[in-house]
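One structure follows; several queries about it will come next.
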Amino acid sequence: MSICVTKVDRSAQSFADELAGFGVATVHEAQGRKALLDAALRPIYRPVSIAGTAVTCEVAPGDNWMIHVAVEQCQEGDVLVVTPTSLCHDGYFGDLLATSLQARGVRGLVINAGVRDIATLTEMKFPVWSAAVCAQGTVKETIANVNTAIVCAGQKIVPGDLIVADDDGVVIVRKEEAESVLDKAKARVANEEEKRARFEAGELGLDIYNMRERLTEKGLRYVDSESDG
Amino acid sequence: MSICVTKVDRSAQSFADELAGFGVATVHEAQGRKALLDAALRPIYRPVSIAGTAVTCEVAPGDNWMIHVAVEQCQEGDVLVVTPTSLCHDGYFGDLLATSLQARGVRGLVINAGVRDIATLTEMKFPVWSAAVCAQGTVKETIANVNTAIVCAGQKIVPGDLIVADDDGVVIVRKEEAESVLDKAKARVANEEEKRARFEAGELGLDIYNMRERLTEKGLRYVDSESDG
Amino acid sequence: MSICVTKVDRSAQSFADELAGFGVATVHEAQGRKALLDAALRPIYRPVSIAGTAVTCEVAPGDNWMIHVAVEQCQEGDVLVVTPTSLCHDGYFGDLLATSLQARGVRGLVINAGVRDIATLTEMKFPVWSAAVCAQGTVKETIANVNTAIVCAGQKIVPGDLIVADDDGVVIVRKEEAESVLDKAKARVANEEEKRARFEAGELGLDIYNMRERLTEKGLRYVDSESDG
Amino acid sequence: MSICVTKVDRSAQSFADELAGFGVATVHEAQGRKALLDAALRPIYRPVSIAGTAVTCEVAPGDNWMIHVAVEQCQEGDVLVVTPTSLCHDGYFGDLLATSLQARGVRGLVINAGVRDIATLTEMKFPVWSAAVCAQGTVKETIANVNTAIVCAGQKIVPGDLIVADDDGVVIVRKEEAESVLDKAKARVANEEEKRARFEAGELGLDIYNMRERLTEKGLRYVDSESDG
Amino acid sequence: MSICVTKVDRSAQSFADELAGFGVATVHEAQGRKALLDAALRPIYRPVSIAGTAVTCEVAPGDNWMIHVAVEQCQEGDVLVVTPTSLCHDGYFGDLLATSLQARGVRGLVINAGVRDIATLTEMKFPVWSAAVCAQGTVKETIANVNTAIVCAGQKIVPGDLIVADDDGVVIVRKEEAESVLDKAKARVANEEEKRARFEAGELGLDIYNMRERLTEKGLRYVDSESDG
Amino acid sequence: MSICVTKVDRSAQSFADELAGFGVATVHEAQGRKALLDAALRPIYRPVSIAGTAVTCEVAPGDNWMIHVAVEQCQEGDVLVVTPTSLCHDGYFGDLLATSLQARGVRGLVINAGVRDIATLTEMKFPVWSAAVCAQGTVKETIANVNTAIVCAGQKIVPGDLIVADDDGVVIVRKEEAESVLDKAKARVANEEEKRARFEAGELGLDIYNMRERLTEKGLRYVDSESDG
């Protein structure tokens, strides 16, 4: 017995729109360095940067049936997140499913498995983060859950949570934390801008971050040659 | 004792020319989802798409001598397929060998090992699918077979079989099946075109493929929330 | 107790400038096929080609503190080489540190770990070779050595040695061998140019390199079909 | 800011005691094939079989400080579950920590990282499932959470959930499902005993499970030789 | 459409019985260093050593249905060889299937996927070589071929070929080459026995194999210290 | 041109004999957590524990010729350390070479490649740490260096340095540091014995190592439930 949950409490689209501009590394730092998906998920083309609300989808190994069920649950501004119930690199997703998602206003796909038709997906500018590129076809025999809480690429994802993805990878922002993460990301970026100007001017991190004293306390010694060490 | 087979029964070039247009995923599906090489073989640049007749070449680990023997067996329209007799990621192939193959009208290289000079290969537009990029040089001390049936990246390849390769990977079409695979690929693409139009118009796979009843039979239930599951 | 060595005997910049033009594969061959870093280190964008003098930096897993110490030791024409003291794919390096290095005239980064902000690094044209792309942040708690001899990605690197890096990977040239390697690389390239012309004209490696007799001695036989083998 | 949760709602010990006898594969099947940890976690010695209630512990990469905090939270019958906040194979755990856990009646360790002193751990008969064996030492500089819900090796683990682990791997049983999983496991084992007797007597799965008709419907044909296929 | 081939031309059992005694490394060398399966296939217990005739079985990812079909085709002295049609580490095989195979006199299982119940399989002394140990269950929905020529773990296997497997891995002997391989294996072992006695007596391979002159010709120089090199 | 260095300055045997008793983890800690080989090197049987002086040997991929050269350089109490010049998992070493080494009093083999005949090696009680078990044979065509400084599995090894290896892996002790490392290892073990008694008695690491105050300073808070966090 499997279920497809039809009512999802989505984070506000405005949060997604703003977070997309900050990028994964900044958002990840802003929320205390958590909720990053495994770095094995890579974009099929670069540069790319999106954010949206998660629709989740489990699939059996070698079986992409449930993606069709999930598509119907997707709305404008969503990101589809697919995870196989055991390790599988088959090509679960190609240009027809992308066409269907694009027609619904879906912003991209995150899948801990393989995809195919990547030349066409790239032309269509449909963003995909996947664990593999593989032309291996799948069957439609086994059902699984749609829009339940899942673990994908090492992170728990609740439907309606925010997905932020770019060249660096994929990070989740819990819907209940979206506002505060956004505030922290803004502050962080403002601070980074100021730092960047100082770095460009030739100042050192050692001075900007006031590290010299603490390094000495920890025992760092400056010597003329390794044999003095 | 090793052999170099000089007479190869090649599939007709016209099949290769037509199959190249369909791409790996479609050809793979058209022949019943078989004969796909391991997804670890990736193109060194994208987009890229070729098809041709296989010349096969075994090489010892860290030894590219037999590639020179294989080059002489290559004709216009061939694809050179190289496999080491044990796991090796050394750079077996670079721009000089590519120049030699290009001069003979060879369409590309598929190698379950490493290649180098990829900046030049990319400039030359010489297509390569490899398991690694690695500058490690090789020696010329040990012989092996050319144009015998081999296993490369998980698939048996007979000289003269068709190789179709693109951004999605590499697939083989047996020469005796080339005509029927081509027919099925054409039918498949025609069908996909019609489907694509329907997906673009917003129709769902659930309806296009008539999946709803069978999903219910398998036990899928639509619920308002996960706790109803 | 850790040390930062402040006096480094650097190879002459002129060697770096000339070696950069030859590329990794040629330099690697010219010095007898040695000193190539593990092929797992890949550039974040392509094409790219640099050479410079090594500043070395150890870092603790998940801790990028010492990179800030290393930056101060970097000069115009250097390449920063970073290695974690145990396997770690975290994102040790991003656009702010790249800004700082670029301000100092550093030519690139080689790191046996992860980096982030790669969209910005690509825009900045700051060359990076890394083992991973990962947004995972790091802390600043543990010290380690700067500008000592290290092992990075399978090779010993002494501060001041030359680093040559391009689309094919990364190779080291010992400072005491730089001149002779440069001479051999020049000879090799001249020889390759002549070979390339012959390959383009359709000559075979079998003849250019005079291989036929030795292949026969080793036992290679030419046959009409595999069953003759 | 990190937290250590001191009140954990543990599943009843009696469930653990009974589930340990059934083993991972049976328990996994009994609960609908879910909640299995990544197969990369392997026992350091075999045979081994335990079950207990989870105490969870996050650790920074290369930093085992929080394990000491977690030990204090462990009770008789617990299993300590440790996950690094990013990929790390360092040796977080050795014989002294095992001595401490054994003194508290803890039944074993599940860690998505490395351990060391495995000769001594084996002699002590302290069960450990780990992603690596590695002598690499760790520091004590960075804090993280203890007894919060974590994702470890691909599964969400809530403190107090049941951990069942044996030669086949590690599976979680949610505390609220423990009773029903136990019932289903018992039924499954009874059924398997009966099946085993029939298999031993030479009956075939094809007949025991009544598969022949459905195989024919799916299109399986029995032929004398492959060329008849 | 899939097929199950019921008539298999098996190599004589006597060859298997004799080859089992020689072991994988010797047999592999005796047949010219070919036909070794990928080293990722490891025995679930050690020491172990078998030989038998291959029954082949394809399975869909996450689907062990066809193993039941294959069991019926197995006879006394066979080894069952199972390969998934795409990468999958699920636990396709456990103690019930082993009981069924053991009841039919099957000598072991070679599977390029996962197995489970390994504690019981070890107690039963049922030999298994697998790519993984994993408790993940499989479904029974998709058919595939039994007793056709397959590629498993990098080698082509024809039903009826001989499988030799021990602590070192798995090698295939073509049925048509069995007799000659056996002869060469005997000669090799006799020769090794004589060599072993000489090695035990302290003679060096350099002298036993007469290597010194050829090493000098290749350019090996004996020096007092590395700086003389 | 390659060299075999015949004069090696070996660390005193007495250091090896004493260090063997402490084990890899302790020795690694005693020398400041450095010089551990990559954890991919695993012993072929357990338990096992040795120490000895390094004789180093480079080998070409798929070519074990130089091991024969290295054997002659081995003395009573040595450990042979072999590294391929590029990644290779072939079976470079088997029971005949082990017989030869055992006849010379060599204590074991460390090899960043594959070995075979492991059933016999285990019976002979010849200790081996390797990156793979693989029956794949090798050739004898290409020379390389013996007894030069090498990098093996991530660490620089100088001939005559001490190798300590056990169930946890392999660590190097520089000959010039052997005495001081031995002293520190002794002190460490004495300290650990005292700690072990306290752990056995139920004391916590939090108290034994006085961690509570520093944890609080870092921001650790004890709470009743995660929602208080």
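Letters A, B, C, D, E and F mark the chains in the order given here, with residues in each chain numbered from 1 onward.
We take it that contacts are C-beta pairs under 8 Å (C-beta built on N, C-alpha and C of every residue); 3 or more make two chains touch, one makes a residue touch a chain.
Predicted, not measured: the structure shown is a model, and the values here were computed from it.
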Neighbouring chains shared between chain D and chain E, ordered by label: A, F
Touch-network distance, chain C to chain E, counted in steps: 2
Interface composition of copies chain B and chain E: same or different, split at half: same
Turning angle required so that chain D lies on chain F, C-alpha fit (0 to 180°, nearest 5): 120
Contact-richer chain pair [A-E vs E-F]: E-F
Chain centre separation (chain A, chain D; CA means) in Å: 28
Separation of mean Cα positions, chain F and chain B [Å, integer]: 42
Chain centre separation in whole Å, for chain C relative to chain A (CA means): 30
Per-residue overlap in chain D, given as positions that touch at least 2 other chains: 33, 36, 39, 85-87, 89, 134, 136, 142, 149
All chain pairs that touch each other: A-B, A-C, A-D, A-E, B-C, B-E, B-F, C-D, C-F, D-E, D-F, E-F
In the complex, chain C residues that touch chain F: 33-34, 36, 39, 85-87, 149, 151, 154-156
Residue numbers on chain B that touch chain A, as the complex places them: 23-25, 28-29, 33, 36, 39, 42, 46-47, 49, 166-169, 171, 192, 195-196, 199-202, 204-206, 209, 211, 215, 218-226, 228-229
Parts of chain F lying in touch with chain E, wherever the complex brings them together: 1-7, 65, 68-69, 71-72, 89, 91, 94-97, 99-100, 103-104, 114, 116-119, 122, 132-137, 140, 142-143, 145, 147-149
Interface residues, chain B side, partner chain F - complex: 60-63, 85-90, 134, 136, 139, 141-142
